[in-house]
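Quick one: the structure is below, questions incoming.
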Amino acid sequence: MGNTFGQLFRVTTFGESHGGGIGVVIDGCPPKIDISDADIQYALDRRRPGQSEITTQRKEEDRCEILSGIFEGKTLGTPISILVRNRDARAEDYVDVAKQFRPSHADFTYEAKYGVRDWRGGGRASARETIGRVAAGTIARKVLRAFYPKIDIVAYVIQIHEIVGKIDKSKVKTKDVDANIVRCPDAAAAKKMISLIEKVRAEGDSLGGVIECVVRNAPTGLGEPVFDKLEADLAKARLSLPATKGFEIGSGFPSTRMRGSEHNDPFEMRSGKIRTSTNYSGGVQGGISNGEDIYFRVAFKPTATIAREQQTVTASHEQTMLTARGRHDPCVLPRAVPIVEAMTALVLCDHALCQRALSWSKE
Amino acid sequence: MGNTFGQLFRVTTFGESHGGGIGVVIDGCPPKIDISDADIQYALDRRRPGQSEITTQRKEEDRCEILSGIFEGKTLGTPISILVRNRDARAEDYVDVAKQFRPSHADFTYEAKYGVRDWRGGGRASARETIGRVAAGTIARKVLRAFYPKIDIVAYVIQIHEIVGKIDKSKVKTKDVDANIVRCPDAAAAKKMISLIEKVRAEGDSLGGVIECVVRNAPTGLGEPVFDKLEADLAKARLSLPATKGFEIGSGFPSTRMRGSEHNDPFEMRSGKIRTSTNYSGGVQGGISNGEDIYFRVAFKPTATIAREQQTVTASHEQTMLTARGRHDPCVLPRAVPIVEAMTALVLCDHALCQRALSWSKE
Amino acid sequence: MGNTFGQLFRVTTFGESHGGGIGVVIDGCPPKIDISDADIQYALDRRRPGQSEITTQRKEEDRCEILSGIFEGKTLGTPISILVRNRDARAEDYVDVAKQFRPSHADFTYEAKYGVRDWRGGGRASARETIGRVAAGTIARKVLRAFYPKIDIVAYVIQIHEIVGKIDKSKVKTKDVDANIVRCPDAAAAKKMISLIEKVRAEGDSLGGVIECVVRNAPTGLGEPVFDKLEADLAKARLSLPATKGFEIGSGFPSTRMRGSEHNDPFEMRSGKIRTSTNYSGGVQGGISNGEDIYFRVAFKPTATIAREQQTVTASHEQTMLTARGRHDPCVLPRAVPIVEAMTALVLCDHALCQRALSWSKE
Amino acid sequence: MGNTFGQLFRVTTFGESHGGGIGVVIDGCPPKIDISDADIQYALDRRRPGQSEITTQRKEEDRCEILSGIFEGKTLGTPISILVRNRDARAEDYVDVAKQFRPSHADFTYEAKYGVRDWRGGGRASARETIGRVAAGTIARKVLRAFYPKIDIVAYVIQIHEIVGKIDKSKVKTKDVDANIVRCPDAAAAKKMISLIEKVRAEGDSLGGVIECVVRNAPTGLGEPVFDKLEADLAKARLSLPATKGFEIGSGFPSTRMRGSEHNDPFEMRSGKIRTSTNYSGGVQGGISNGEDIYFRVAFKPTATIAREQQTVTASHEQTMLTARGRHDPCVLPRAVPIVEAMTALVLCDHALCQRALSWSKE
């Protein structure tokens, strides 16, 4: 269980890192949406390994094949399934892992839960699983655009270790994000981040950081109180990603040091619309979008795989020392940017369909 | 939609602040669990208004009535429904709200989404809704105890505005938490917090803060990768509560400033069991509990209702000034402590039932 | 589990026959639908016991109370909860049942499944549970009418034992159905049915029969292939009712004795619309409504409760003889008519909301 | 939507008849169950086209590939995905269908619902979709056997047109069923059925019939009242299959002509167990299995595809005559036998997992 996301726009991912392939089935996509292989491949390319010198050197083209649900370039309303074969699968790198538990990885907990595991490259716990999410997110974004032509979802790296970028979330564009390999649209900060990642990688160590995401021109009315509040589903989507340790929306944790009189967002009329003067709420009030920019941040811990000797135990309960092998990212954030965008699109698309089903307007 | 939580232990809440009552239906509770009215009433009393001088003065006894699902003191395996009538409902306090949108409340978004709203006391968006969660959480805790007799869930206030308590999460007990009215088990910090809340209330303003929650003696194996990771469901549960702006588990946002070599939790053998030497992971790895303490923090913004004049607009799009009336909490955190515990119990109980269904052991 | 019906229009019922009350929570009802207590009471009155000399003499007014979700006569989009208290609860009639298993009742299977049961009047297995379905069905019908003003759902008794009525399903109206106490709109057959029921009741025995239901002016496009085909959900809804043994749609079991050349429904143009000349399909093709009348039949077995001595065993495994006490219906069909209509409305309303969410048209 | 079946053992099928392939993802399969390609291939071979002279001559090997979820011959607890490529796809046979609606097929309703359709071979509405069900059913059966080693599921053809077989459901075995190409274990009746099918095929026509299915040695306690009663889910599973028009369990429609005193199943002690003397209930009482044989029948209409000229209309609303092309089965029942078994296994496995999650026993 646990491999499906969404109530109406339902995404089910499958696949292990070194098995037959990684894929996704999307059930609940409206018909007649234009989708091409190229749309999906573009998104997968932003996520794939080996795209720059600061990411893992595993060589995967991550070529997608659409197996069903799309005919003559349009969605059919039937399940869309997309498959990406695993190619550069060097299982032999992981023979040690079969018997030892890598610290802060999922080896031990999978063994404890299932009594069996595919130890090759992390198996199901590998970040390769997110390929399915990115493919589905691309379709979700297309659906959202069909309903709200001006909606815009942009994620970017805002912090690596102690280096924090300055980014104007009301204006930042994808081309600014992709202007450098660390995907931080503050060029000066990006330069420092890249140097730091290279230095830390040389030391066999790893780094964490923060990704921020903004949704502009979202409609009012998305979110299903009380349990499926928009921020609740955004939080779940984020914490379901590997290596995440925190989520905050709008004013986030710093809001805890403000007073109500500072933090409340006054309403005002602007261009004939009800708007707020400030946006500490982060575009969501009472669990429902209010038409302002939706923005939030996600904390990623430093990558668990490091090229240093570490203390651990074996499956047969003996203490041992482990040296990581296999290829890995010294910092997952640059490649996580498209994943964060994809999860955002999935949440919004699902809520958009819910709102369509239940809205009071009869048209 | 959105009023049900859980896959197997399914909790559906209903009710508006000033309607006929607030309640909950729990479907998926195993049979033969001992439950009494007193168990539920004890939990509701920790949440009810008017319990101390720093909470709202609305007078509600919040008496629960069990309508179904329990017979001769035991659960039947059929749906358990619990009803709490609304008593001290002064709708006249809210006549202004019918026409104006209170800043940072849900008035505007409910109107935008539904085209209609029950404006009395926030209607469905009122924190009174959490009565159902607390009642259900009590039953969830009983179920958890039936499976894991030593499991312990304790939440407490760790921060109010800039005052931060020092609390040993491996030892803190509910009686320490309830030793003072702000529910911070650091007595010195608690005293300062209470003074500050009183001062700010006198100024017609409000405060936010952080609640921490720890689960001790949780079993390994809870959590359903990939989307229903334990931390993902804990995050969703938290962000589904009114006034929350952030969630972090284990090392949380500060982990972003650590290196992998510092942050990884080495495995070791301890008392014949596989344990970790440190616990930056917060008791969850790869979305599955690893047997260590599960701990996390939730950020609450300052209460939106303040006794000061604020700028807003009316439903007919006119700019106006609003003075809050009605009774409210200058700081929601003390009363939110049992709610955070309840949501934790709901998440763990649901995952415990999933694990029971799908575990490999044949007994 | 198992107490919720529907994907979007989600109905959860609760309550035991002799507990605090019977009720329902409806989540996923669109806002701004007009509903009054009287609407619901009218439907409950068609279902309630004691309404005629051929139904059980249990005296229940079945007065409904709307607890939430409706404000100033309109749905709010929040969960609607409705409660009916149990009044004429003579638990003492059932003391024997606590220790013995009534043949063809749920006493034994509830004990086997749950290890505990509320033996008073069948507990959760009592047909009183259907009160919640009837209340919810009334609201579903209102929602359907808001979308499709001409839609019409009519159920009626078509067969009691070997007496079969002749009814024109394209024209039959509710007032014809309610014209007699057996709810068979063929007056001559109805007379015979009533005599037979009275005779069999006097003999301490019981009867079964068939209810037919027709939906006229349903839209095309309802039904979600492949698993949630319209007929699949109609079948499930029917077989979830107490005492049902079979379901058939359109040509049903007799279709098995036809050839394809006889059975296929040719398409033709009629009044500018694509229609079928015959309607063996029963208004559904490939799991999706085609705009023709949807019609189906449900088989009800003879009531299990009879006033005769029967062989059975006790909970402590001793063979014994049981004489039924308590009040009961010699034939459940007349009272089942509004229940069949309610379940039909629930299925159609849920599918209408799904279709609204996923339809290709952008308005 | 509508492409997922089951609450815990969740089966999602995908694929169109002439697209990239047909497949299934199974989420919620317990780990450590032995599964081989050969297990699945055996079941697919019983379903595949071209297996005898009375089935369609489409040449499909239906070779399955397991893409994920199984490692070293055992399930991992992660999603199992299985893909079957489409090979003998002669889309040109269906060019007419692109513009005309075949009577009693899903062409018109898919067009009405989705505004677009894959017209090649019925697209998603093709019975090829059931490949995924059969593959998943094989795994479900393995899981059931792991829990209840003696459980047995056998389906067979009991009626073709007016020829009815005599079969002892307490003893019939799969090898008896597969002893002839029509899959009717009454050899004399089978011979007549085969002759009739051959005759009718020669006439360009088609036939319907009835499949019966029996489950022996099922445990007590499966089924989730009130909506997810075992018979309700069995009914839904059946009516979700192409070409089905009816379902009856136990005494079925004939029960409507019996009296309660005849129909009730008396309890008795047998070999130390509580059993019923008769089994009109069909092994289910109050929606829960009672340990007796579960048996039910499914009505299949005559195949809609016939080799005769038929009246229909075009997509542009013109009346026309259509002659079927493409390959097809004159009678679907022989190939539907493994599909009925598969759906039965899916329902039982899902309910077995539910019962495991919620049972009162603490082990």
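The chains carry the letters A, B, C and D, assigned in the order they are written, with residues numbered from 1 in each.
The rule we apply is simple: a residue touches a chain if its C-beta (ideal position, glycine included) is under 8 Å from a C-beta of that chain, and two chains touch if they have at least 3 such contacts.
Since this is a predicted model, take the numbers as computed values, not measurements.
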{"item": "Remotest chain, chain A as reference, centres from CA atoms", "value": "C"}
{"item": "Chain pair with more C-beta contacts, A-D versus A-C", "value": "A-D"}
{"item": "Euclidean distance of C-alpha centroids - chain A vs chain D, Å", "value": "39"}
{"item": "Whole-Å gap between the CA centroids of chain A and chain C", "value": "45"}
{"item": "Where chain C touches two or more other chains, by residue", "value": "1-4, 8, 13, 28, 31-32, 77-78, 113-116, 124, 225, 354, 358-360"}
{"item": "Residues of chain A defined as touching chain C within the complex", "value": "8, 28-32, 77-78, 146-147, 225, 353-354, 356-360, 362-363"}
{"item": "In the complex, chain B residues that touch chain A", "value": "1-5, 7, 13, 101, 103-106, 108-110, 112-116, 124-125, 129, 159, 161-162, 200, 205-210, 220-221, 223-229, 231-240, 242, 244-253, 255-269, 272, 274, 276-277, 280-282, 284-291, 299-306, 308, 310-313, 317-319, 354-355, 358-361"}
{"item": "Sites on chain C touched by chain B in the complex", "value": "1-4, 8, 10, 12-16, 19-23, 25, 27-28, 31-32, 65-69, 71, 74, 76-81, 83, 113-118, 123-124"}
